[in-house]
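All chains are identified by letter, namely A, B and C, in their written order; residue positions are counted from 1 within each chain.
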């Protein structure tokens, strides 16, 4: 009962009448959903989108190699962007927890700013304004940097949440043992905080990965951009975009699941001890 | 006198399993009108499950449960109507967290019995007066102490004019200094003639208030007797063991 | 360009863009709320196919990148002989994605209700609909205020997808690229839009925490 979710306790054990009703409703829902699926397939069929020429090239290794190359760039950009945002976020979090009022205000301002402005605006900034200043950036950095900046405020707040989750008593105990503030933070508080926030950091990686799909604005050859090249090669827009969307969904789904799993593990007090035993 | 001997709650050969665990084994039990029956036993003996089965918060695998001679309906409106006649008090109070104490008490009478708002309020205040938390009527549950919450929960159950009351370890979640105030309310209720089935660890309450004590262990009713006979001269080895371990704890306290 | 130059030349357009972003945010949020509630009803219904469908829906739209969804709506759907105008495509995308997150917030809001309170309501003789109306919905809505506030800000950020199609009138991100391709608006052109976004976000946040303070459930 302790870990029951609303799905389990919202309904009580059904009686015979309820069971019958649920059975028929289940059958009806199944038919409805099947009908919906059939309608979609039918739509594909009558518009000729099921024809072999739209799908045959997915059997070729070159197609997948090309998409794979794009995916590699996407992953590279996402991981690089996420790592930069973690670093920036860390600095902002440190800034926000300082005693110095000015430092705190600046950090808070930057955090709120990056959280309140859409990633696309940062991307256009790097696309349109940065080149005017004479700062030569490759396409890769033109997408990676704005995504990182856009994410760093959220990362900073997540890290701050983790730091605050470390029991206050430990800080006091460490101070009694003669720890200085900086050492205390890096040796006692932060190593524990990072364990709490790893799930949120993975979730943030998903957000950065989604944001990199705008890479074609700055003509960076990511998965999306390579898909466009394939489309003009094979003249098959629908099938290729669908497959690419599914690839994105699968990657993000797996990352989110990993994040949820880790979150469940860290949120259960005593879970670590039980594993050790 | 004949009316007073009518059974209100009746269980016949009730069985229930939780997976491999046989939590209720051939339980037969009758609670007559105005009677106070106390169920005691070690934790895991099935006493809470028994209590919860009576208004079908737990389903049973076989056997029969009757309330006022009628079999317990299995679902729907009939079940809800039956439940409205049985008051229940939980270990963890279970007051509705988003409503005031007064609203907690008037909610079900208005929704279920279609009472008018004004009458429900008057009745609720009278009941809150009776359990001694009338001054807390405008607060939300989290602002009250555990003892106050449990007394309000008793008032909430009484507002439905129940024919019987089920108490599922009503004092187990309370700090020691608050147990007395809840037991006092329950004692008064018993003296007023309420039919009660009480699952508890409070031996003194059982001794003073119960008409009958039922000792459960391992899913079975092991012993059933008047409180005097049970506490002074338990017949079974298991009851003796249980009572002596409880007395040890009492002495330590 | 300086601030005053920008404002004299494009001030009206910025105002219009701000209004468009607000409008989009408002309607997307309402739509997301409606769809999110419906999907949540599916997900907690006793009917298994509906539950699975609801879970599937949420996983799809929680994980699809906004750009990918918009491209499918604008460029792929016409191949199935389904064509929406640009503004409808943007609106659909900015409803579908937040609706998945909306459902997730509602699910966790519902999970804050203790099973005991539901049992208590049953023991008092409430039927299923009374239980839903009196206990489940009010409690989950109240504990969902802050997540919903964040969702509204997230929806506002998502509406920047509107810059990817020729939307008329433009919203706050589109206008910046418009100004910068016509004349070098420079940093200031971005700063104005960014400030308007931030201001909107802060307004939503303030309204949300005010409401939360009023309805929060003490536990």
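Keep this in mind: contacts are C-beta pairs under 8 Å (C-beta built on N, C-alpha and C of every residue); 3 or more make two chains touch, one makes a residue touch a chain.
Please read these numbers as outputs of a predicted model, since none were measured by experiment.
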Inset, instruction - Pick one for the touching-chains graph, please: line, ring, star, complete, other. - result: complete
Legend entry - Result of counting contacting C-beta pairs for B-C and A-B, higher pair: B-C
Legend entry - Distance from chain C to chain A - Cα centre to Cα centre, in angstrom: 17
Legend entry - Distance from chain C to chain B - Cα centre to Cα centre, in angstrom: 47
Inset, instruction - Could you list which residues of chain A touch at least two other chains? - result: 12, 14
Inset, instruction - Enumerate the residues of chain C that touch no fewer than two other chains. - result: 119, 122
Inset, instruction - Enumerate the residues of chain B that touch no fewer than two other chains. - result: 57
Legend entry - Residue numbers on chain A that touch chain C, as the complex places them: 1, 4-7, 9-12, 14, 22, 25-26, 29-30, 33, 43-44, 47, 49, 112-113, 115-121, 124-125, 128-129, 132, 206, 209-211, 213-214, 224, 237-238, 241-242, 244-245, 248-250, 252-253, 256
Legend entry - chain B residues within the chain C interface of the complex: 55, 57, 77, 80-88, 90, 92-98, 107-108, 111-112, 140-143, 153, 156-157, 160
Legend entry - Residues on chain B engaged by chain A in the complex (per definition of touch): 56-57, 59, 73-76, 79
Inset, instruction - Enumerate the contact residues on chain A facing chain B in the complex. - result: 12-18
Legend entry - Interfacial residue positions of chain C with respect to chain A in the complex: 43-44, 46-51, 53, 59-60, 62-69, 71-72, 75-76, 79-82, 107, 110-111, 113, 115, 118-119, 122, 128, 136, 153, 156-161, 163-164, 172-173, 176-177, 180-181, 184, 186-187, 190, 193-194, 197-198, 200-202
